[in-house]
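Chain naming follows the written order as A, B, C and D, and within any one chain the residues start at number 1.
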């Protein structure tokens, strides 16, 4: 597996498939504690991305990430659109015009993505949002990079941490986004955005590891 | 039992009770093949009649019948209001200012009521309307009168015939009123107006016979 | 049954009170007998246009009382025609000396009660005419039925005749115009789910999850048949075709298209259906010159819709466009 | 799920097409990105008033585009906020040289997307201001929530600010007026039964037969608590009391009372509820000077209602009464 622009593009196309498969699950989660559109939103955004990549496939990882950002911003809507859009935009900016991403760069990109989400959404860990998946993923990626792991190993560590982070949202009270209106009733349900973050990272890890 | 104005008033008050008891049944029948308001319509009319009779209880049978007619016309609405209203109005006119109704007069009054219903509604026997109960009742009353039966016996004969007539509506196709829109789907359900006619005649017979 | 009501037996009365408080400048509501009258009635020299029918079809008819439309509306109980004394009171309150035209939807109860009312009003010395509207093509007129039902076309009739009366048309003129409109307006509806009459407490009918009632009446009466639910394209076509065939409407005809909601179908679906109907009409070369979209002739919270097509000419276009100021329809003022 | 649609993924687009065909004189609809624009835009020298939000709340916002109200509306997918490029396109289409005011309902998605849009529009050289409306008292502002939601008050805000812009108020003036309205408008809603998002296919939530959701949001989000359904008197009071306590409204205050339907509740119930609200306000000595009753800020076919109270002064009364000509609100023209 290569972390070239092509590799990133493959990861995004795979993500589109995964999100289509999990569309109903994500919407169901959102129906429990939000307005039921998260699966549809993510699916719409990534389906549009696939179309956009058919027309125009940037060579560099940064170019692909920027296309992802612009497509999500203009196609997803809702809270997830600008949040994921900002995340990918910041990641694109962080990797600059690197041709092949190495593990430290991936860690930096993930950190930039997290910072973007927090800058826009002002959520803290424990607020029951995608931050609860993304933040532990970033921490795991950073220590993997420090340990000198390669990109597949780093992404697997990040994906594991994100999955655990998403699971952790089940037990907490939502404090940001629509789910916050539920108050105590949000407890007991996983946050859909945390779940989609975990799915994305798992997909990226799988593609990087050659599993998908 | 006397067929004085007082007797007729007692019969009407009893009818109000009976219609209240059968309100749901009549509405249910009407829901099957009409718009579900017949029980409510009849109950509203006779409840208003009880109130009206408290204010003003006419002495003569004709006076009571006229009060019934005017109250039903102004309180019932729907198809049943003008039809029953006309029936009682014609009956009132037919009995003129007779102080005590004898059997032949009751038969004449019932015939006048039927003629009124037919004049307004233009239904024929077999159209699945109240006519299917009232017409056989009139025929039975007329032959009872010819046989020289007294008022209670005449009304019992009329009530029996009306009940049979109402039963007969189950198997026929509605051709008048709202039920006609159902076409074939009206078959298998008793006509609510035929049922209320049968109930009224049964009540009058019971009161005349001293059973209620 | 879940409803925002206090008591099934007072729904109509309380709703009328609320309506009165919502439109103090427009209408006056009298409760016993129940009549909604335009605030400036009687208008001297003007023919009074009066309609009425069972409640549960709001805004029909009370929502159309006001300048340029109805002088009075007589609301019955839910789905129950009003009584003659209500209509008689309406005539008395609105008689400006030029007579009254009663607009009656073709249901046995309505026809009988308005008939009696007309007699009472004539006895009071007011010249009264009645017209019966029966625009629903779902139920074909035959020996075996009480005739077609009056549905969505009623609103168009009330608007057009109301405008004519406001301009000074006399009783003959109003009646002739009404008969003309009745002659060239056709409707058909469908239901996805029934409404619940308050005192009944349960839905008027039950449809399977994949079933619709084609040709539904505004009291939940069935129409042509139950069919599987289709796409919006199919459903709209199944309403439009019988309407077009009935009059018939032909290429080159100018029409008003009224896409009506039954009460529980949201506007997003009505607009969607309206767009389809416009497209189908354009394909047939029929020219939609005026349109109305919304829940105007309803059946409580029934989910469903109806289409109404009125053939237009210059006279009808002008009368449709004339100012109207009522609770539910307002323009030019 | 029973709906008059062809395909969940094309509902908004098809509905917009139908809306365009229904109101050719009033609006122009562009589909990619989706924007509803008033037919005579841009109006030179006029501040453009722009709003938007997820679809499913019709007639909000597209039904309020036209003279005296909105210059453009940006409809998102059902219950999903629009995207920045839609808002950017709306600004471009309506920019008359005096800047644009964006009216945003307080939902994370709406706020974030409009924020991005404002940046894009500024980059295009248009002066843009945003106001966020958060009139729903059901959800109290606290550290723990994203703040109050924007609901029924949005319509009143759009009407009043739209009237001011039409009269020539500048961007500062429009913004200040908007903040004033937001400061003195409060709402709360309840639901009896959920609507169904087309692509979800099943109701957004489920209530027991005797249960209502008090403080419901217009996307079916819960509010304060689930309670046993009461009489209309009780339900209206349970909406009105928190509204009155919140601002607070006091005896002698002049108000506009807006009784809003959630989409699946028929007018007969809304008028009934409105009458109760007027009575309760009168008992408190609060003077209802203007009113609006109907399904205007809806949640698909949700059964339920909301009440909105706007504190009035002469300026607001005059702006409310000013002519408006849109698909859903029209008077004086």
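The definition used in the following text is that contacts are C-beta pairs under 8 Å (C-beta built on N, C-alpha and C of every residue); 3 or more make two chains touch, one makes a residue touch a chain.
Owing to the predicted nature of the structure, the values given are computational and were not obtained by experimental measurement.
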item: Given subunit C and subunit D, the chains that contact each of them; value: none
item: Chain centre separation (subunit B, subunit D; CA means) in Å; value: 54
item: Cα-centroid distance, subunit A relative to subunit D, in whole angstrom; value: 32
item: Subunit D residues counted as touching two or more neighbouring chains; value: 78
item: Where subunit A touches two or more other chains, by residue; value: none
item: Interchain pairs in contact, sorted by label; value: A-D, B-C, C-D
item: Complex contact set, residues of subunit A against subunit D; value: 27, 31, 34-37, 40-41, 44, 73-83, 85, 120-121, 173, 175-178, 180-183, 185
item: Footprint of subunit D on subunit C - complex, ascending; value: 2-7, 11-12, 14-22, 55-56, 58-59, 63, 78, 192-193, 195, 209, 212, 229, 231-233, 235-236, 259, 263-276, 278-279, 288, 291, 293, 295, 298, 300-301, 303, 305, 330-333
item: Touch list for subunit C against partner subunit B, complex; value: 33, 54, 76-85, 107-109, 112-113, 115-116, 139, 143-146, 149, 197, 199-200, 202, 204, 217, 219-223
